[in-house]
Structures are given as C-alpha cells and as structure tokens.
C-alpha cells in the first residue's frame, strides 16, 4: 500500500490555508467567538459542528467577510483578510436558504458571479455548462428557481458558489432543508464534488451525523469555543470531554472516582453496592479524582446470564426498548435507579427476540470500551 | 319607554319636519355679508336660514343650468344673470312681497336694467368696480415714488411689469373682466363682441404674461394682505378687505385700491330667485329683509362694497360712503363702463384666448 | 352524492333551485355594482358628449322625451353626432393638454419614485419592531383632509411662507424664492400627496425580500451598490410598477393640486375640462374631453392589471 492518508494537520511542515489567530467576536455585550485559534488546510472538508448559538455561523460569516473579528486576525493563504470586503475575497458561500436570485434563470444564477469578473463570453458559457453538468442540472438551465424542486435548488446553489472556482467554499447548513433520504444521497454527492474540484470546503451544521459523514475533520463548538477538533472517528471514539461525548451520538455517562489499578488502567467506584468498573486511559488520574466514564451503547453487550469473562458487568431489568429497525436500544434500569443504554443489532425477526420489558438482564463491556474523562 | 314618551317623540318629529319646510337656502359669494344679519333675519322671521357660499360665477351658473340646486336665493353677477334669465333659470319677483323696494337707487337700477329688463327678476345687492390693488411701498420701491398707482400702464406695460414681477402680480381669472379692461386700454369698445377686436388683446396680454404670477379670483385677498404679492387686478371690495386685514395684522403692509384712471368696469351682483326654488315665499322675505335700509347699510359697512340702496346711504359709515374707492365721485362714475354677456360662439373664442394667454397653448 | 356538505344542505330544504338562485345573486352583486357606479354614469357622459350645447336647463340638446313614444326615441338618437370629438382634434389645445398632463404625470411619478424608494427601503430595513410605527407615519396624513394638507403647502411655499422665512433666516437666500404658483409647487404637492401610494407597494415587495440575497450577490463579487442594482431593484420591480401606476393614473386627471399650487400656466386636462364645463358652459365638449381622458387612462390601467396578475401568478 503506497496511498498516503490525507492528514496535513499532522504534518508540521504543512501550511494551513486558513488560520484563525486568537479571534474574538463580540456583538454588543455578547461574546459569540471567544479567543479562538484554528487552522484549516487546503483540500480539507472541514465541519463546524455545534448547537445553535454556539458561534459556528459567526465563524463562517467572518470567513465570508460579512462580519469582522473584534480582536485577532483571520489569515487566508497567509494573507490577513480582515480588511477585504466579501466581494473581493476568493471565498464563496452556499447559503442555508440557498439565496437563489428568483428573477434569474438557473443558468443566469450560475453565471452571476462569473459576469462580475467580466469573464469572456465563451469561457463563461463553458464554465456554466460545466457546472450544470457537475450538478446534473442541464435540463433545468432555463427554468426559474421557483420552478424546480428543493433538491435541485440545493444543487443550483452549490453550482453557483463553485462556479468561480473559489479557494474556499463555505456551506451553511447546506442540507438542512432537504428530507432525510435526499440528504443522505446529497452528502455523498457533496463529498464527490469536493473531491473532483479539490476545493477546500468548510461546512456548518448542527447535524452530527452529517458532519461525521462528510468531513475530514470536525470541530465541535460550544459557547464560542472549540471543544475538540479531530477526525470524525477520533471525535466519536475518543471524545476529550463529557460535552463532546454527549453531543456526538448516544452515550452512557457514569460519574465516579478513579483509582490507579495497573498500567494506564483505573478502577472506578461509582455507586454504593455496585462493584467498581475498570477502564483504561492514557491520560493520568490521581487516586480519588472524580471522573466520568463514557460508554457508547453499541459497546455494551446485553445477555440473560452474567458473561463469565466480562471485566465490567452490571445487572438490571429492561425498562424500555427503542426499536430502530436495524438496531434496538435497551434502556436497562439498575438496582440503584441508574439507566444504562445498550444497543444490539436485530439479526433476528422481532417475534424471536430474546428480551422484553421487565426481563432481568446483564450488561457487560470491556476495559477499552469506555473512555475515562476528567469532567 | 312609556306610551307617553313615544307620543312626545312623534310630536317632536312632526315639529322638526314642519320647521324643515320653513327653511330658506341662500347661496352667496364668500365673505360677502355681515353674519350678524343672518341671525337677525332668523330672529325677525322665525325662518331657518341656510347660508352657503361660492367664489365664482361659473360654479353658480353650472348649478343653475343643471337645475334642482335647492337654493331659494342666489347672487349672480350682471352678465351671468342675463344669460341665466334667458335659459329660464329664474322666476319673476312678486313686487307685492317686496315692500322695501322703494329704497332702491335709480342710478343703479337704470344700469342693471341692461341685464335684467325692468329689473323683473332681480334686485341689486352690491356693485363695484374692477381696478387695481397695490402694496404702496413695494410698488414705489420697484417703480419710483412718482408712479401713477391708478393707471393701467402699471399692469399692462411690459417694462413696468418686469420690475414688478419679483414682488408678485395677480390678475383675476375672469376673461369677461380682463378682456374689456384691455380693450378699454387700447381704445376699443370694451363691450365689443367682435372676435377680431377681442383678438387684439392677445398681444397686449402676452406681453405682460411672463410677469403675472397667477390668474385667480380670490387668492389675491390674502396674498395682498400678507405681502406675498404687491399688485392685484381685482374687485374693489376684495382689495379693500385685503387693505383692512393688513391693517388689522399690523404687519407693515399698506394696501390701496384704485379704479383705473382710464376707466374701470362696473359690475353688479344681483339677488334672484331660481325658478325651482323650494321656498319662494321665504326667498321674498329674505330679499325684502336685504332691501331694508338699515340691513343693507350694515352689509356694506361690513364688506366695503357700494350697494344699490339709496335709502341705506344715510346709515353708511363715513369710511364707506366717503371713500371714493367705494363710492366713486361723479367724474369717475362717468368713466365706468359696463359689459353684456358674450354669445356662446364668442364665449368659446374668449375662453380659448384666455387659455392661450394663461398657459401659452 | 358523496359530499356530506351538500347532503346537509338538502336536509335543510334548500333545494337545487335555491342554490342556483343564491349563486346567481352572488355573481350579480359585483355586476350590479359595476353597472350602477361605472357603466351608467359613463353612458350618461357619453350621451352628453354626443349632444349639442344649448342655453337651457340642462344646457344641451337633445333630451330624451319618452312621452313621444318610439318617435321620441328615434328622434333623440338621430340628433346625436360625433361633432364634439371632431372638435377636439381641430384645436391643438386638447392634445397639448393631454400631452402636458401625461408629461406632468410622468415627471411626478419619477420624482415620487425617487423620493419614495429610499423611504420604502429604509422602512423594510428598519428593525422589525419599528416597522408598524413607520407604516403608521406613512399612512397618518390620510387622517386629515387632502384639501387641508394642500392648503398647508400654500402656507409653506408662499413668498412670505415658512420655507422662505427659514431659508432667509439661515442666510441661504437673500430674496424670497417664488415657488408657489409654479410647476415646482405642483410637483411638490403631487409628490407629497401621492407618496404613500408609491411607498406601500414598494415596501411590501422589499419587505418580503430575503436579505441573504444581497449577501449572496456580494459574495459573488458585487459591490453594495451593484448588488442593490442587480438584485434589490429587480426584485422590487413589481412594487415599483404598481406604485408608478397608482401614482400616474390619478395624476393624469389631477385638478385640485395644479389649481391650488400651480401657476396659471400649468396646463392639465383636468383644468381644461373645468374650463369647458364652467367657463364655456359647454357640457357636450366637456363630456367629450372626459370620455377621451377615460380612454387614455384605460391603457395604463390595463397594463397595471396585467402586472398585478403576473405578480399573483409568480407568487403561487
């Protein structure tokens, strides 16, 4: 195998395309972005993920030039872009509402940005046709935006923002208006187009699944700060905080106190009358330090009897079952009232499933399944 | 509600409708009467007086010709009266109901008979002249101290008008008054109905047109009084009202009225009863009330117009009867002329000429 | 019958005939309205325009004499002719007056647009909580009589009026400006009076506009001004068109403003109509002028209707 993994963020020699240098943005008394630094590299598909109001849209608007940082600087290709107005930046944006010009045809919408650059007529036509082909919109070129479907509009918006071949494309909740099925298809289409054009994409979303699917790296934000910036798998498997663990996917959080129990292994005392749990962690904990244990439900095994070799096992009874089709999530109530979720694949037909409400069950997981977090 | 109050309501309602029958509706020029007289009339006769006003003969005439105006007494000027009589708009007066008609002034009666033969349809209310109102200080500032303020030269000579333009000149918007005036100025018969003769006025008027700010028949009263304009060709009484308003306001504006030295148009406002008047009986009562010497004098003392009532003259205040601007001396009287209405075809020529002069088209 | 609603109606004894009657009545009301308030007056005016002037009450002939029976009716129609319309073509006054009215209407419409657009734009961009208040301020003048407001302008614009006094006091001018009784005053009066008719439709089209469209245009390389020109203006075009028609149509026939604020030289068809009617007592020619005016106005009204219709279709 001689394919190199795309990971410029791990290369200390790589020059970032975008640099946020201690950027703060205040709106009156409200701090939207709080002393934030971040590097984004060329050809990345970078996702800004967070709940509404976390500052992700402000980040994007600062990149587009609609907002200016109150403090700090934003660099694009090594150049400070703070004084550059939006229309002079080699950055294009795809708006959440798509912001298609209703008075112009699809063709003219895509040509709009090119016309501003006074591109020669032939080149302009070629470029628009190319964009129409890329987004499979050829037969809709003469229509007006209100005469096409939501998914088609989304593609027009994409084509229009890509037409000028920007160094950086910003996508503000690009799939928010689409239904789930179309959204999933479009996610792959986006990735495909990103790969074909080699453009750096920064996407803003509140949908963690979407971020995980499309992005090379994800930045989880909360209250104007970056909580964690990492690849989707690291974010999921190795969240660095309870906030990130909780925000990304489903998780069981167990509070307790850590005691060292061998090399990078800790024993967690967590509830009266419950046997301690064991977890490994590369971060050090002092004895008696309060900690959180984060366990993904799919890493918890559910069984009728106590598995003989399980290092962590607790007993409870089935409180609730969420049937998701391919998966079922069991909410199991322990003797002390704690609820722990366990997920198992529905490989059998429903009538033959093993557990039902009020069944006594055992839950177990390995020492490496859980992540031990300081807070 | 008891039966008794119901009956009472019915009686009151009947009473109102009875009072309705005893209304007299008068349609007169605006600012043309002492309003105390209206109250006095109601007290003396027990009639309810409804008093409306207009500010142009044309508006009145259109109401008369449309018919069904609902008025009992109207006040057209001489030429308009004559035409409306021909159209059958008025009813003959019943002399038996006008016991005060002996008060009328024969000098005026002779002249109004030109419009209303034998004065069968109308009585004279007021008469006056069409002349010039000047803001003395401003005109002298523009044209020098020894300018003749009563000459038509002031408003018909372009070199004078050029100097007056900046302080503002208004003319009456009444071709039937201005065209005879210009004819008099150029030595033609002011009452000419000959299209070619009338056409001669065009050149004179176009010569001064650029310096005339507006043709309007009532705005000049306030405009003169406020000092917004310095010269107006207008009706005697209106300009005298402007004079008094300026004096009352004590704004330093001094207005004078002069009949033209070259001869002024004499006009008459006549009271008449429409053919379809709802209450001719009440109308006669109103005319007889106006013919009373004291009442007529009160009206003239208030509006500063001369009237056609000889008996009223002893009750006139000195600043009315003694003012040659209101009651001209004999020499000036000799110089006054009257006009007769234009036939329809000539009227169209006159209106067309007037539009051309006003708008240049 | 599958529709329960109809079954219920039948149950109440409201039969098919009754339903038909009611529907016919419902359709009839707008037609009766149109007939009574537009067509009947129009035909009366048309009839007078085909008559001849006469010194009588009413001042034209013939009048319909029904006591003569059928002979009276045929006699009446035989006396009508188009002489007055021919007359309108013979004197250049009339077409010049029509043209001048259209010119004044066009200029005032452009002026009203220039003044109204920024106001509408400002309103649409104002914080949401201010908008009802701003809207109120635009509509507020309608609460006083139109005539009083025009008279107020006479007080402002006259030689000794407030405007001149302020300008003199500020030392901007040394002699009073003559504004009243000029075309300038007419334009001021028209722009002032008709401004709300321009602002409201433009405002409603701007208010609906998504602000991100402007950002998108800027993002794609437009300066602020260019974005305004390429996006805001085209998107508010239906509002602009509606506003322009709402101003232009009534201004063509305007009489009160030019006669109160204008000089005697302000030539407008409304004034010519007045002169024909009042000075010449020529009701037939006046009616002919009115009929032609109506026909001239039909063109912009039809265009306006079409614009409105297109807008409704686009909205769907």
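So that you can tell them apart, the chains are marked A, B and C in the order they are listed, and the count of residues begins at 1 in each.
Criterion: a residue touches a chain if its C-beta (ideal position, glycine included) is under 8 Å from a C-beta of that chain, and two chains touch if they have at least 3 such contacts.
Please read all numbers here as calculations on a predicted model, not as lab measurements.
With chains as nodes and touching pairs as edges, the resulting graph is an open line. The most distant chain from chain C is A, comparing centres defined as mean Cα coordinates. Legend note: the chain whose CA centroid lies nearest the centroid of all displayed protein CA atoms is C. Averaged Cα coordinates give chain B a centre that lies 36 Å from the centre of chain C.
Averaged Cα coordinates give chain A a centre that lies 58 Å from the centre of chain C. Each chain gets one centre point, the mean of its Cα atoms, and the points for chain A and chain B are 91 Å apart. Shared interface positions of chain B, defined as residues touching 2 or more other chains, are absent.
Against chain C, in their complex, chain A makes its touches with residues 64-66, 85-87, 91-93, 95-97, 99, 101-103, 112-113, 116-117, 146, 160-161, 164. Residues of chain C that touch chain A in their complex: 210, 212-213, 215-223, 226, 230-231, 234-235, 237, 314. By the touch criterion stated above, chain B contacts chain C in their complex at residues 56, 58-59, 61-62, 64-67, 83, 86-89, 166, 168, 173, 175, 212-216, 223, 226-229, 344, 347-348, 351-352, 354-356, 358-361.
Remark: chain C residues 53, 55-59, 91-93, 96-97, 100, 158-161, 175, 178, 180-181, 263-267, 272, 275, 277-282 touch chain B in the complex.
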